[in-house]
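There are structures below to look over.
In the two complexes below, chain A is the common chain; its partner is chain B in one and chain C in the other.
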Partner chain A sequence: MIDKIQAKAKELLERGQVSCFIGYEEGTRRKVRPAFIYEPQDVDRLIWDERCTYNLAVYLHQFKSPLKRGEEPPRVGILVKPCDSRSLNVLFHEEQIERKRVYIVGLTCEGVKVNGQLQERCQRCSERVPLVYDLLVGEEPNEVGQENYADVARLEGMSPGERLAFWVREFERCIRCYACRQACPACYCFECVAEQLDPLWMGIAIDLPQKQFFHVMRAYHLAGRCSGCNACEEACPTGIPLSLLNRKIAKEVEALFGYRTGQDAETPPPLATFKKEEELPL
Partner chain B sequence: MTDFEPRIIGFLCRWCSYPGADLAGTSRIVYPPSLRTILVPCSGRVDPLFVLKAFQDGADGVMVLGCHPGDCHYLEGNYHAQRRYALMHRLLEYVGIEGERLLIEWVSAAEGGRFAEMVREFTAQVSELGPWGGRRVDR
Partner chain C sequence: MMKVTTKDNLTAWLDKLARGYTLIAPKAIEEQIFYKPVARSSEIVFDFAKADLPVKEYFLPSTHVILSIERQEEGIRVEEPSLEGERVIFALRPCDARALRVLDALFLEEEPADPYYAERRERTTLIGLACREMGEECFCTSLGLAPDDASDVDLMLTEIEEEYAVQVVTEKGKAILGDLVLEKVEGTPPRPTLREEKMPILEAEAWPQHFDHVYWARLADRCLSCRLCTYVCPTCRCFDVRDYETPNRDIERLRAWDSCLAESYRRIAGGYNPRPTKVQRLRNRFYCKFCYYPKDFGPIACVGCGRCIAKCPVNVDIVEVLEGMAVL
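Coming up: the complex of A and B.
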C-alpha cells in the first residue's frame, strides 16, 4: 500500500500538481506524526500503518490562503481515512477550501490502534472506504463493525442528577487548554467564542461554570459537523470523554433530521436549513 | 420548597410574543413576576449561547417565545429556532440540566391570555424542579 502512496505523492510533487503532500511519518518513541512533504525526494518518509490515527484534514486550514497576496492558494495532496473524508466534505461544503485544490488519496481502513488496542470508535465503525477521494489505495475489507451508541445509552439511562454529577466530575478536570478545539478540523473560527472578550460570553476564570459552558458550546457548535474522528478526545490531556458528547449529538441529529455528517459536499448541515412541514417534539 | 421563586429568562420576539406579553399587561392579566423578559428581533436571533449563558449565570429556567410557524416576520426565523432548540433541549438534558427548564413556544400578538397561562405553568414547572443556579453537587 505504502509503495502506491509514495509513488503517487512523488508523481504529484514532481509534476507540480501539489506543492505539499500531507501524510504520516515515523516520529519519536514509536509514535506516528503528521508529515508535510514538499520535495519529491522526501516521499520515502511517508508511512501508513495502524498507528496513523490523526485526522489530517485539520492541517488543510493552513493551506487556505496564498503565501503571497495576489497569488493562487497552494494545492495540497492529503491522505484520508474514511472518517477523515467526512471532515473533508464538511470543509468543502463550508467553502473553506476548494475541492479542486485538494488531491485526496483515500485509504481503505481496518481501524486504527492506540497502544496496540483497536480503538473503540473503530470497533463500531461501519465504514471502510472514504466517501470522497481521487485515488483509492488498498482493498476493501469485508469485516465491518456496527454502530450501536451503547455508551451514550448508558448515560441516557441515568437520572438528571446522576448525569450532572458525572459531567461535573469529567468537566472539573478540564484545564481550558483548548487542545480539543485545535485538534478539530471543523473548529476554525478566527476568534473562538471561548476567547472572545467583547462580548465576554464565557468568562476567563477556570471554574466549573465556564468549563461546562465551554464544553456544551463546543459540542453544540459541532452539531451535524462532527465526523466522529475523535481527534478532540485523543488530544485531551485530562482524558475527558468528549466523544460521549459528540456522539449524543450525532445520534440525535440522525434521529431528528436523518443526516450524517459529511455524507456529501452538497447537503447543508441540519442547523443551517429547515423543513416547513416538520414537527419537532421537544 | 414553598417560598422559592424561580428566576426565568424569557426571550420574546419583537413581532408576536412581545406584543402578546404587552397585551397580557394592558388587559390586566396577572402572571407570576418570575419572568424577566428580553426583547429580541426574532426567535431565530436567540443564539443557543444565550440560553447557555443564562443557565451559567444562574437562571432557573429559560423561555424562548416566537411567532407561530408560518407567521415569522422574517419568514423563516422560527423554523431555524425550532430545529436549534429541539437539539439543544436534548443536549441540556444529557449534560444534566433538566429539559423542563427550557421552553420553546409560539405566542401570537393576540394571545395575551395564553401567554400569561404559559408563564404560570412554566413557573410552576420550574418551581417543582427547584433552583438550578448555584446548585452544588456532592463530590
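Coming up: the complex of A and C.
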C-alpha cells in the first residue's frame, strides 16, 4: 500500500498538482506523527500502518489561506481513513475548503491501534472504505464491526446524580489546555466561545464550572458534526473520555434525525437546518 | 554512613504528618498519577515513575483569586486571601524540585518578589524521592541534574529494597523529621543507572542566529497550537490576571495560567497580534526556555522531565529539537 501512496504523492508534487502532501511519518520514540511533504524527493518519509491514528483533516485549516500574498490558496494532497473522510465531508459542506483544492488518497482500514491495542471505536466501526476520495488504496476488509453504543448505554443507565458525579470526577482533571479542541477538524472557529472576550461567556479560571461548560458546549457544537475520529480523546493529557460525550450526542442525533455525520458533502447537519414543518418526536 | 527507615515507620510518620500539615503526595486517579492532598498514607502511591502533572499547581495555582472586593453597606471591603496552614509535598522527583528553583529565579530573586509564590514556597516543605531509573523520555542529566539529586529538596529519600535512606538537606527538612524512627547503617544509598549520552544544548547566545531558520516552520506544520506542553511543563509559568464581577456583584481579581502557544496570548488592545502564526508561537517556547530565560534570569527553563515529549499529541519532541538545533 505504501508504494502506491508514495508514488501518488510524488506524482502530485512533481506535476505541481499539490503544494503539500499530508500523510504520516515515523516520529521519535517509535511514535508515528503527521508528515508534511513539500518536495517529491521526500515522499519516502511517508508511512502507513496501524499506529496512524491521527485525523489529518484538522491540518486542512492551515492551508485555507494563500502561502504567499496575492496567490490562490494552495492545493494539498491528504491521506484519509474512512473515519477521517467523514470529517472532510463536514468541512466541504461547511465551505471550509473547496473540494477541488484537495486531492484525497483514501485508505481502506482494518482499524488503528494505540499502544498496541485496537481502538474500541475501530472494533465497532462498520465503515472500512472512505466516503470520499480521488484514489483508493487497499482492499476492503471482510470483517466489519457494528455500532451498539454499549458505552453510552452504561452512562444512560446511571441516575442523573451518578452521571454528574462521573463527569465531575473526569472534568476535574481537565487543565483547559484545549488539546481536544485543537486536534478536532470540526473545531475551527477564529474565536472560540471559551476565549471570547466580548461577549464574555466564561472567564480565564481553570475551575470545574469552566471545564464543565467548555466540554458540554463543545460537545453540543459538534452535534451532527463529529465524525467519531477520537482525536480529542487521544490528545487529552489527563485521559478524559471525551468521546463518550460526543457519542451520546451522535446517538441522539441519529435517533432524532436519522442523520450520521459526513455521509456526503451535501446533506446539511440537523443543527444547521431549520424546517418549518419539522416536528421532533420529543 | 546513612540513616534508614522502614516502610512501616515511614507510613506511620506520614500519617502523623498529615494531621499537622496539608500533605500532598502522588495519588492514582484513572491510571494516572497526580500530586493531591491526602488524608493518610494509604492513599499514596509509592511505586510510580513520574507524576502526569508537576507540582507547579501548588506554587502557581492554575486559578487563584488574588484579591476580592466586596460591596458593603458603606464602601467596600478588600481582601487578599492567604494560604492556610503549612504544607508538605511528599515524593517529589528531583526534576520537579529543580523546576521550583528555576521558578524561584523569576518569582523570588527578581525584585519585587511575587508575594503569592513566595508565600507558597515559604510554607511548603519538600520531601524528595530519588528515581529508581531514568524514564524513557527523561533527560535530566543533560541539564546538570541527576535522578537522585538532593540539592533542591528539604529531605531526601532513596528506596533501598524494603527500606528508605533518609537524608536531611535543610533546616526545614530537619524540622519535620520529628520522631521518624531512623537507624544508622554502613554504606551509601544506591545510585540509579545514569544514561551515558547527553543532549547537546546550544548556548543561549547561539540561539538568535537560527531565529529565521525554516526548521521552525517545518516543526510547526504539525503543531496543533494547543497549550498542552506549557501546562504540563514544570517551568512554564505564564499567567494572566483579570478582574471579574461575581454573580452577587462583588469583584474578584483572578490570576490563571496562560500559554505562549495560545493565539490570544500576545493579542493586544485593538486586536493586533504581534505573534499571529503558530510557527512564531511554537518557536517562542523553545527560545524562552533556552535563550530568553537564561539570559534574563539565569537558569535554563527546562529540567528534562520529558512530560511535553510524553504528552504532546503530535510528537513535538524537545530532545529532537535540541539535537536539531545543534546541527543547524
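Everything that follows uses one rule, which is that the second predicted complex is superposed on the first by the 280 of 282 C-alpha atoms of A that agree within 3 Å, B and C clash if a C-alpha of one lies under 4 Å from a C-alpha of the other, contacts with A are read in each partner's own complex, and residues count from 1 in each chain.
In this section, contacts are C-beta pairs under 8 Å (C-beta built on N, C-alpha and C of every residue); 3 or more make two chains touch, one makes a residue touch a chain.
This is a predicted model, so every value here is computed, not measured.
When both complexes are superposed on chain A, chain B and chain C sit side by side without a clash.
By the touch criterion defined above, A:A183 lies against chain C but remains apart from chain B after alignment on the C-alpha atoms of chain A. Using the contact criterion defined above for the overlaid structures, shared-chain residue A:P209 touches chain B, although it does not reach chain C. In the superposition on chain A, A:P160 makes contact with chain B only, not with chain C. When the shared chain is aligned, chain C comes close enough to touch A:G27, but chain B does not.
With both structures placed on the common chain, the touch criterion links A:A223 to chain B but leaves chain C unconnected.
Residue contacts after overlaying the shared chain place A:E234 against chain C, while chain B stays out of touching range. Once the two complexes are overlaid on the shared chain, A:N115 sits clear of chain B and of chain C alike.
In the superposed three-chain arrangement, the CA centre of chain A forms the vertex of an angle with the CA centres of chain B and chain C, and that angle is 90 degrees when rounded to a multiple of 10. With the two structures overlaid on their shared chain A, chain B and chain C come no closer than 7 Å at the level of C-alpha atoms.
Counting contacts as defined above, chain A residues 203 meet chain B in one complex and chain C in the other. Taken together, the chain A residues at the contact with chain C in this complex read 27-29, 31-36, 54, 58-59, 62, 170, 173, 175-179, 181-183, 195, 203-207, 231, 234-235, 237-239. Interface of chain B with chain A (complex): residues 48-49, 52-53, 56, 69-70, 76, 79-80, 82-99, 102, 104, 137-139.
On chain C, the positions that touch chain A within their shared complex are 29-32, 34, 52-53, 62-63, 136-137, 218, 221-222, 224-228, 230-232, 240, 242, 244, 254, 256-259, 262, 264, 278, 309, 311, 313-315, 317, 319-320. Every residue of chain A that touches chain B in the complex is listed here, in rising order: 155-156, 160-161, 163-169, 172, 193, 201, 203, 209-210, 212-213, 215-217, 219-220, 223, 245, 248-249, 252-253, 256-257, 270-271, 274-276, 278, 280-282.
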